[in-house]
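Everything on this sheet refers to the single structure shown next.
The first chain written gets the first letter, and so on, giving A, B, C and D; residue counts start at 1 in each chain.
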Amino acid sequence: MGQRFTRRQMIKAAGTATAAGLLLPRKGRAAKKTLKILQWNHFVPGYDKWFNNQYIKEWGEKNDTDVIVDNVGIPAINTTAAAEVSAKKGHDLFLFLWPKPVYEDEVIDHREIYEEVEKKYGKPIDLAIKSTFNPKTKKYFGFSDSYVPDPVNWRKSMFDEAGMKPDTWDDVRLAGKKIKDKRNVPVGIGLAQEIDTAMAMRAILYSFGGSEQDEQGRLVIGSKNTVEAVKFVKALYQETMTPEVFSWDASSNNRAMLAGRASVVLNAISVTREAENKNMMVDGKPIGDDIWLAKPAKGPTRRMGLEHVMNVYVIWKFAENIAGAKKFLVDYVGNFHRAFEASEFYNFPCFPKQVPDLKQMLQKDSKAKPPDKYFVLADSLDWATNVGYPGYSNAAIDDIYSQWILNNMFAKAAQGVMSPEDAVKEAEAKCRDIFAKWKERKLL
Amino acid sequence: MATVETKNIRKVFQEHTAVDGVDLQTREGEFLVLLGPSGCGKTTLLRMIAGLERQTSGDILIGGRVVNEMPPRERKIAMVFQSYALYPHMTVAKNIAFPLKAQGAEPKTIDARVKTAASMFGIERLLQRKPRQLSGGERQRVALARAMVREPDVFLLDEPLSNLDAKLRHMARDELQQFQRRLKTTTVYVTHDQVEAMGLGDRIAVMSAGKVRQLGRPQEVYDDPADTFVAGFLGSPPMQFFENDGALVGFRAENLLPKAVYSSNEPLVSFWYRVTRVEDLGADRLLYGSLRDLAPDTKMIVNLPSTIHVPLTPGEAYEFACKVNDLKFFDPKTGLRIPSRPLRGKA
Amino acid sequence: MRLADDERALSRVLLAPAVLYIALLVGGPFVLAIIYSLTSISLGGHSFNFVGLQNFQAALRDPSFRRALGNTVLFAFVSQILVLVLASVLAIALQREFRGKWLVRLLILLPWVAPISLGTIGWLWIFDSIYSVINWTLRYLHIFGATTWPIWLGQPKLAMVSIVTVQVWRTLPLATVILLGGLSGIPQDIHDAAEVDGARFFRHMFQITIPLVLPISLVATLFGFVFAFTDMIVVYVLTRGGPFDTTQVLASLAFFKSVDGGDLGGGAAVALFLLPVLAAAAVGMLHMARRAEVT
Amino acid sequence: MATGQALHGAGGKVANFGIIAAFAAFAAFPFAWMLITTFKRTGDLLDPNHNPFLYSQPPTLENLRVLFNDTLFVRWAGNTMFIGVLVVLITLLIAVPAGYSLARLTGAIGEQLGVAMFLTYLVPPTILFIPLSRVVSILHLQDSPWALVLVYPSFTIPFCTWLMMGFFKVIPKDVEEAAMIDGLSRFGAFVRVILPMSIAGLLTVVIFTFTLVLQEFVYALTFISSAKNFTVSVGVPSFLVRGDVYFWGSLMAACFIASVPIAFLYNLFVDRFIAGFTVGAVKG
């Protein structure tokens, strides 16, 4: 094993070694590069353990690089990015959990990375491209290695009792009402200013045939289909939910589900994983066993769900080790199978060839009961789409997302402070301003 | 009109006894001065009469009624504070009107009485000013006006002149007394200044360590002190003592004169007095020196009025004398007065 | 003359570090923020075009902004009026000596020293839609049934109430401490005089005590206002502006607009919108506080 | 004995007690709640049928273990102290002389400058942090506690200067003049005579500054990115709110532990603080 010195060891060594002896390690160190990565505190702690303590060390040794990972909370991601861009200094690799097209001018074109990875590991999924490519400027403003599907989590026993399955949105509404009437357990689909609501509402919107924009990036939010979706959510809220959904943050639906206080929620697999890991009980029974997963519900137009989290790595133009960052990403995709395992199937590959046995693994999970509980995720590519479907995740879409305009549109109609038509009109006016703003800034 | 009476009143703060069993009774319309050094309990006594402090034991009577349980506002008293305690955010007029408003008087009555009070103290032109725009003397008058406006049964004054300069103080004293004589309101006045006390009081209660040492008319208290404390506290310079035959003998500096000044038929006691220094103050001559023989090496100050023209040279001893009646005798252990007796030893 | 004695030079030398520090670290960025608000700059830095007051006009057209403006004013006024009233009551009560005062003071100081991001998370838990201890108690006392209870952060009015409550909770200690100072600055003689003059509790309070602590309460209030207008942490942690933007305030809206939405110019305009009004109000209040009668 | 305006009589005493008890409960309730939560098992905590005030399952130290073993809480507390102490020192070194200068030496313009400094408070940090990050990077202080040491005085100096100005104004000029006649220079008089007389004001500056440092969130969130350099107010929520999961027990424990000892400390000085604040803020 080659001699690697941390700074501290260096100083210690300096105390004892002779001057001649000092030269060698110092020379070795001088050639060494550094790669600084910023990413979130992964929901699955095991992933961070694998990534921070194992993977980057291996990679660092192979590439003669000191890899430093800073883990931050989700709220710090956007703020830190803003500060780094303003400072023109920061990490070499910066992981967003959503597309961040607004930084397009500040990042390198990630096309090369896609090309290199494609050569080695096959094609990326469409979701990755839609989340990182700007068709107007033909630039890749990020690189997606993985995404997190957003299935339906439902209480098996309660739906059984109602004699239904959450297959269509109408099923959810009908069964939800039955369960609420009988058991006083409401549906737990958020209507607040937070990520889970944003994804759930888009899932409904898209499956009702509505969307923010069309394929060419024209604003179409004011469609009849949008109004229908809003009307549906209003009915769903009135028949199956309580006002608590207006107060929620991203963690609330997890808690509601794990407390037995929700019959169905939309979320990543964090709900069931939490139940398994902490062995949580409701009424003396392990709650995890009663929470089943399902594909997103089908609407009148299509069955469509979202990515829950979109991993988008960016490399700043001002990064100090651009080459290293690029190489790291390429190699990381090559090792994605391990990442998939370490994340307990939370992170799904954007390059599916890297996890050819995905289905088999999902079929027999060691913690899940039944062991094939997670198998519904196997065909997530058929239904998981990006924010901004059917177009690209562009700056306007991100702005609309960040200001929770769709969340509020649905919530206002559901709460009854506005008619569905007015809520859609108001949202449309805001979106129009936003589109105009970003067109003027030449990102659309 | 009312009298103030305290019956065996005591006030104990934690460990320390501030007022220790005081019995006092004012007369109708009297100006009573509580005199004593700072910390003697006089202000505490006054504040208990006002109802600002609750006594530890004993009773307070105003106009013959026990007022122990009454808050200050029901005691029909008015008080002037050492700092005057004018309300800094109110005009003079509002300050004076405040007690009336608190009583719920009619606005018309208030106006009229504020005007009367202001004219009584000659402060009409100050009515719209704020306290910080007033001089010390003006503030005092405003405080007095505020105190008298509600026509209280009793005035309580806590060193109201101590914040004035010497010249103003004389005038203020005079005004104060005239005003009290006119209103004939029973007044209790606290001071540590014996000149004020002598000048103002109908009677003076001399206090020390929480007790009243002597109560009497100013001249009584001065001429016939009840104990060494009173004797030593009053007068400038205060009464001087020497020991003789197991008694403390005291006399005042102005009572010792050269023997030649006296007519021969008066009963005198004479001393040899060695003068060490002479201070000529114009109206008086102050002599510093010591007695010989009778009380060797006792330092004494003698106050000679300038009308006595005896030449005195420092370093020489002269024969001085005082009237027998001017010598006061005290028990050296208790400090209390004892009957006069002849001096022993060589004069 | 030596520097240590030369008044003019000395005053400049003593003042210079502070002025430099503020000019560089606040003045500079502040000017930049003003420039941002007049341009179409976005987070990515593109199009640094001067657009005049367009950002401000756009903000005024936006119903969310108007709502946030109203909320900010409401939030600041209601919370600060409450703080002023409650702090006065508390400070007056705390003037009396009693056993255990030390402990009471400790408890009352707590909200002020708690790192506010954490304290507010504590409240988030207290207001939780399922686990709210308040609701549990209300249910336990049968004030609410087993199936319905207030959703503190989920109903616009209740959410505002919750935010104001937490803001009051966090600023009350400082205001109380300041008012205690003001109260102890009133000479005892004034209180005694009022009492002898026959003022009962309320006259004493409203005509003597309150006017006399007015200058210092102005300062306390000014602080409260500044915190309420510029700090977003309570809103950020508790509701993120929800439900549907009904608790959004200018500081949080500016943050979401610029940092999450990427519209730096628009965000700066929102943040600086009230600056002239605030500055005028602050100057006025400081002036009044310094001029007011103080014994 | 009555101090100030107090309610009198037995009824007053009861009312007084009621008021104080109500306020103390309001202020301290969240902390009591944190303390209870600290020792709760997750299963106990997250069962909506359990009485939240009682331990339906035996208390546990697990939350504390997570806080102290799985996060760098001790390190963050150390960072916060380190930054706090340095910022206090910088603030004292810069704001106190500036306050003196404004109070004594610059005349009427001092007042205006003092107010102008106060106005810098009106600019929200949520906007300032973007341009400030530029400054931090130019100085190569990114992701270093020194960035916060540099930036925090920008909001403590204005206030403390303004406060000290008021404070120095009420000290009679005779005092320095006497000192100067007794052989000190103007500066010497300031350091050796005026400063020792202003202990209450200095203490106010110390407490106020330290509190602001402890509270600050936005700058710490943006300028620091590595876990080992975080402060308590950022580190704790960053690491105990993981994605969809709040580690309530450990979060509450962290908040309790971070607040209570400091409240104890402040309680010792609060009288001085009160005195200092009053004089400094209004007079002059």
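In the analysis below, contacts are C-beta pairs under 8 Å (C-beta built on N, C-alpha and C of every residue); 3 or more make two chains touch, one makes a residue touch a chain.
Source: prediction; values computed, not measured.
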item: Dominant chain pairing [most C-beta pairs in contact]; value: C-D
item: Most distant chain from chain B, judged by the mean position of its C-alpha atoms; value: A
item: Chain B-chain D separation of Cα centroids, rounded to whole Å; value: 54
item: Centre-of-Cα separation between chain C and chain B, whole angstrom; value: 56
item: Distance from the mean Cα position of chain D to that of chain A, given in whole angstrom; value: 37
item: Where chain C and chain D are represented by their mean Cα positions, the distance between them in whole Å; value: 15
item: Multi-partner residues of chain D (at least 2 other chains); value: 1-2, 8, 46, 48, 130-131, 234, 237, 241, 246
item: Junction residues of chain B, two or more chains touched; value: 52, 71
item: Overlap residues in chain A, where contacts from two or more other chains coincide; value: 79, 82, 255, 259, 261
item: Residues of chain A touching chain D in the complex; value: 38, 40-43, 45, 68, 70-76, 79-80, 82-84, 86-91, 196, 250-251, 254-255, 258-261, 267-268, 270-271, 274, 278-282
item: Chain C partner contacts - residues on chain D that touch it in the complex; value: 1-8, 16-17, 19-20, 23-24, 26-28, 30-31, 33-34, 37, 45-46, 48, 51-53, 93-95, 97-98, 100-102, 104-106, 111, 113, 115, 117-128, 130-132, 135, 150-151, 153-155, 157-158, 161, 185-188, 211, 214-215, 217, 232-234, 236-237, 241, 246, 248, 251-252, 254-255, 258-260, 262-264, 266-267, 270, 273-275, 277-279, 281-284
item: Complex contact set, residues of chain D against chain A; value: 42-43, 46-48, 129-131, 133-134, 136-138, 142-143, 218, 221-223, 225-227, 234, 237-239, 241-246
item: Chain B residues within the chain C interface of the complex; value: 47, 50-52, 71-73, 77-79, 81-89, 98-99, 101-103, 130, 132, 146, 150, 156
item: For the chain C and chain A complex, residues of the former touching the latter; value: 40, 42-47, 58, 61-64, 124, 127-131, 147-148, 151-155, 159, 239-245, 256-263, 266
